[in-house]
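First the structure, in the form of structure tokens, and then the observations on it.
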Amino acid sequence: MATTVTSGITRPPDQGDGGQRRLSQRDPQTHTMGVAFAVVAIGMLFIALTSSYVVRQGLGVDWQRLPMPRILLVNSAVLLISSITMELARLARRRGNWQRSNTWVFVTLMLGLAFLSGQLLAWQSLASQGFFLSTNPHSSFFYVLTGLHGIHLAGGLLALTYVAAGSLQQLRAPAAAAGPARPSPDRCSRWLDGTAVYWHFMDALWIYLLALLFVWG
Amino acid sequence: MASHSSQTVHTEIRHGFIRTYIFSTDHKVIGIQYLMLALFSVLLGMGLSVFMRLRLAWPAAKWPTLEQIFSVGFSGGQMTPEFYLAMMTMHGTIMVFFVLTTAPLSGFGNYFLPIQIGARDMAFPVLNMLSFWVTFVALAVMVSALLVTGGAPISGWTAYAPLSALGQVAGPGLGTGQTLWVISIAIFCAGSLLTALNFLCTTINLRARGMSLMRMPLTVWAWFTTAILALLAFPVLLAGGILLLLDRVGGSSFFIPGGLVVSDKLIPHEGGSPLLWQHLFWFFGHPEVYIAILPGMGVTSHILSTFARKPIFAYKAMVSAIFAIGFISYIVWGHHMFMSGMSPFSSMVFSVTTMAVGVPSAIKTFNWLATLRGAQIRFTTPMLFALGFVSLFVTGGITGLLLAQPAIDIYLHDTSFVVAHFHLIMGVAAIFGIFGGTYYWFPKMFGRMMSERLGRIHFWFTLAGVYAIFMPMHFMGISGAPRRYAQLTEFTYLQHLQPVQIFISICAFITIAAQFIFLYNFFVSMWKGERAGVNPWEATSLEWTIPSPPPHDNFGELVPVVNHGPYEYSVPGEPTDFVMQNAPAGSVAS
Amino acid sequence: MPFAFAVFLWFMASITVALFIGKVWWLPPLISEHGAAIDRQLVITLIIAGIAFFLAQISLGYLIWRFRAKGGQRATYWHENSRLESVWTIGTAVVFILLSLNGNRIWASYILTPPPADALPIEVTAQQFAWNIRYPGPDGKFGRTDPHLINDANANYLGLDSKDPASRDDITTQNIMAVPVNRPIRVMLRTKDVTHSFFVPVLRVKQDTVPGLMIPIHFTANRTGEYEIPCAELCGMQHYKMRARLLVMSDTDFENWLKQRASMQ
């Protein structure tokens, strides 16, 4: 049952035909849609926090912008590059070059980990300067926003790990031996597409938060 | 671990007990798990209300037996006011979240959405399983808040800051109890978001051939819209909860302004806004109450049509009304805050939008009534509850006309009038939706019929009971009785209401007792009920085309092709007074 | 069954309406000027709501009984009527809009009208679980307060700064608020700890007291007597006992009362 996914969108399979299928029919579109809705929900979370930020800023005379840790610029560059590598992984998969796709996934994973480590360093740097969660409203929001972003990014890393592991398995045992325990090629692509959407969102969200914290606030 | 059974035509994969009943990914099992969770929660919530009614009716009474069990809450034999407030807080929280947000949407929706659209399962079965267990953990944490030293929080289900943010210094239960409460709510948000996501993807992508949007039953439309509401509202509650938690344990000051002195102690926080919490909470809170009622409206439409043997009146208008209600529900939240110190101009805007949401609700009511005109009504138990829903929805909703106007709300805000309003709408109408759904779908879920006789008795006690309980609360509110009071007897101008309190409590106890008739009927019928066929109600939607109970993959080889709308009853020229949705084409213009 | 159901609905609706019309439990007597418009709007809305409620319940009962299944017959395949739909939608919308406009008019006239310049200023500071009332005294100015100076144990509930000359003649009470009749009163609402709500049923006045904010309201009482002030926002375990007395008295009585209080400070 070899299928080649030539574009991101395929027509939903006709539900009328029988045959040995998994119990829940899912076309690739559904999975990406699921990620899109998750993105909407996470977006709402940060919209609510943004409006809290704006309100709080307008309230108190005690609003004092934190000094921006320089490493945040490095982290931002790392994350932007990781979005590029994510796209490269996707393009490679689409052309059928699984080996290359997997490499790029691995690189993205490493860059993501580097980003998170960099964020922790930023936190450390601020703490050593005496800026904690409770120090002033701006620092409170800094920790909350970067912390939540980091947690969600970590979730994305888990998804990337799953994709990488799945395609590694796929590479070792080609399609002919595919059984119910191995993710089908279709499924791998679905996960990669979805994860890519999520990843780009995390990137855009980060740029937005940086701007909110250090340009607007 | 997994094995294929080659004997059956269905792609039946047999798992062990744990995979089949505990960590199942089958939407039907998950649906029942949610219903059981809601059942446990409603019994707990009802139990808590017994304590509340005991104190309200007899505030000075001593309860030696209860003192033995709850030594802190009943120190000296009398129920303490803080115990009352803890009961009240947990009652509201458990009912709103773990009953009204789970049973109608995650319970019945999970079970019947896929079947009604002709799908084999939800779009993301594993995610579905996860969302149940996340909700379960949330409930466990919430229950632990009841049991922890210091007791449950006393700040109400609305947990207004700074009362909820200051910690133990502001009152009993506001220490560990409140922290656990916030954590539980945050976990619950996560579970609900996963559910919402699943519902949306399933409805959009997994409909069977011929199941166009305008052929979906109104239950599906209701679940779909509710899922949109949940997706957009719960993250805002989560944001508020995170900030509240940090104010409590992290030393931040999102909601706590400076210069507060509680019990002679100066609070070190600075510069936060209590109103910010209210905005965040109610931006979620108002869509939340529509999340509680919309599925009930869908179920009512569905049941009314089935047992009136008539198509639902103005299906298209009903769909538009569901959407309109869902959309407008996002721009009315300020009506909870008319007296909060919010800008009076905002109040005027919110007043207009709140009146506006009454229009689609009225449309639905007119359509339900019109559905009955010319009908051939069969008075089965589900139909009784659906009719009861219409009556209660009108009663509860109409008082919204008063509360939507700030001028009148000056007087009625935070009085028993509000308590009457939201109980009739949520605590009764929505519950009638759940009861209706239960009696209606029980044969499909368990392959047996519930007792009609017991159903009728349950219905009468409950309908009469809830009117007897909540109607008087309107009068108490008009008399000026504030809400969230452990007793009214401290005020001279409220003394004359004490007999009313006693009347309400007695009616409440009787009504609660009557619910055990339902419980008995529910559980005994599972084993002893008369066996149900495929379509005992002669209904038209797809769930009535498959066996009772349905097989694992719902439709097997016979994946349906839909040719008709969902409410083709009494179609002229047809041999039977109902046409199944998957009947061959050519009968009626759909 | 259908008949019993219908009878129940008719009975329930009738009793409810009767209890409202009979004013068996009703609003406490009104003693403020602005409250008249509020009461009128409340009654108008109740009447409209009552009519809608009554008609809906009666129709429901009627439909239930009239269209009970009669063996062998088919229901009427009547499932839409755009004209009917438009009529009742527009009708409902018109009624709601009119109600809302009038209600907003009354609200605006109450909340957006500033009090006259000679209104008597009174400061009310809520706390767990008492109402602190402060009068500015002959100098007409409220003295400075500071949270750091608050000391309930020494009865300095407001944290009055005794070094501020304006605070020397301030008159503070707890749980007793006296006002002269027929004079505009301007109340400044504050709170020491959590959100409370200043609710005077007979005046038709309610306003939350929000930590960090000072919220002004105003009213004119037009009847003497003693009334009660409950707290209307959950504030902790003694929320139900947070009771102040409102004394509305003649001008002379009020001046005497103030002098008496001043000597007790």
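Every chain is named by a letter (A, B and C) in the order it is written, and numbering of its residues begins at 1.
Following the convention adopted for this analysis, contacts are C-beta pairs under 8 Å (C-beta built on N, C-alpha and C of every residue); 3 or more make two chains touch, one makes a residue touch a chain.
These numbers come from a predicted model, not from an experiment.
Pairwise, the chains sharing the most contacting C-beta pairs are B-C. Seen from the Cα centre of subunit A, the chain whose own Cα centre is farthest off is C. Mean C-alpha positions place subunit A and subunit B at a centre distance of 33 Å.
Mean C-alpha position of subunit B lies 29 Å from that of subunit C. Separation between the centroids of subunit A and subunit C, computed from CA atoms only, is 51 Å. Contact with two or more other chains is made by residues 272-273 of subunit B.
Residue positions of subunit C in touch with at least two other chains are not found.
Of all residues in subunit B, those touching subunit C in their complex are 80-82, 85, 154-156, 160, 162-163, 166, 170-172, 256-264, 266, 272-275, 308-317, 339-341, 344, 347-348, 351-352, 355-356, 358-359, 362-363, 365-366, 369-370, 372-379, 384, 387, 390-391, 394-395, 398-399, 401-402, 404-408, 410-411, 413-415, 456, 463-464, 467, 471, 475-476, 478-480, 482, 484-488, 490-493, 496-497, 500, 567, 569-572, 577. Taken in their complex, subunit B has these residues touching subunit A: 2, 11, 13, 118-125, 127, 193, 196-198, 200-201, 204-206, 208-209, 231-232, 234-236, 238-240, 242-243, 246, 250-254, 270-273, 276, 279-280, 283, 552-553, 557, 559, 561. The touching residues of subunit A, when paired with subunit B in their complex, are 12, 14-16, 18, 20-21, 23-27, 29-30, 33-34, 37-38, 40-45, 47-49, 51-52, 55-56, 59-62, 132-134, 137, 140, 144, 148, 180.
Residues of subunit C touching subunit B in their complex: 1-2, 5, 8-9, 12, 16, 19, 24-28, 37-38, 41-42, 45-46, 48-49, 52-53, 56-57, 59-60, 63-64, 67-70, 73-81, 84-85, 88-89, 92-93, 96-97, 99-100, 103-104, 106-108, 110-112, 127-128, 147-148, 150-153, 159, 192-195, 197, 199, 201, 204-208, 210-213, 215, 227-228, 230-241, 243.
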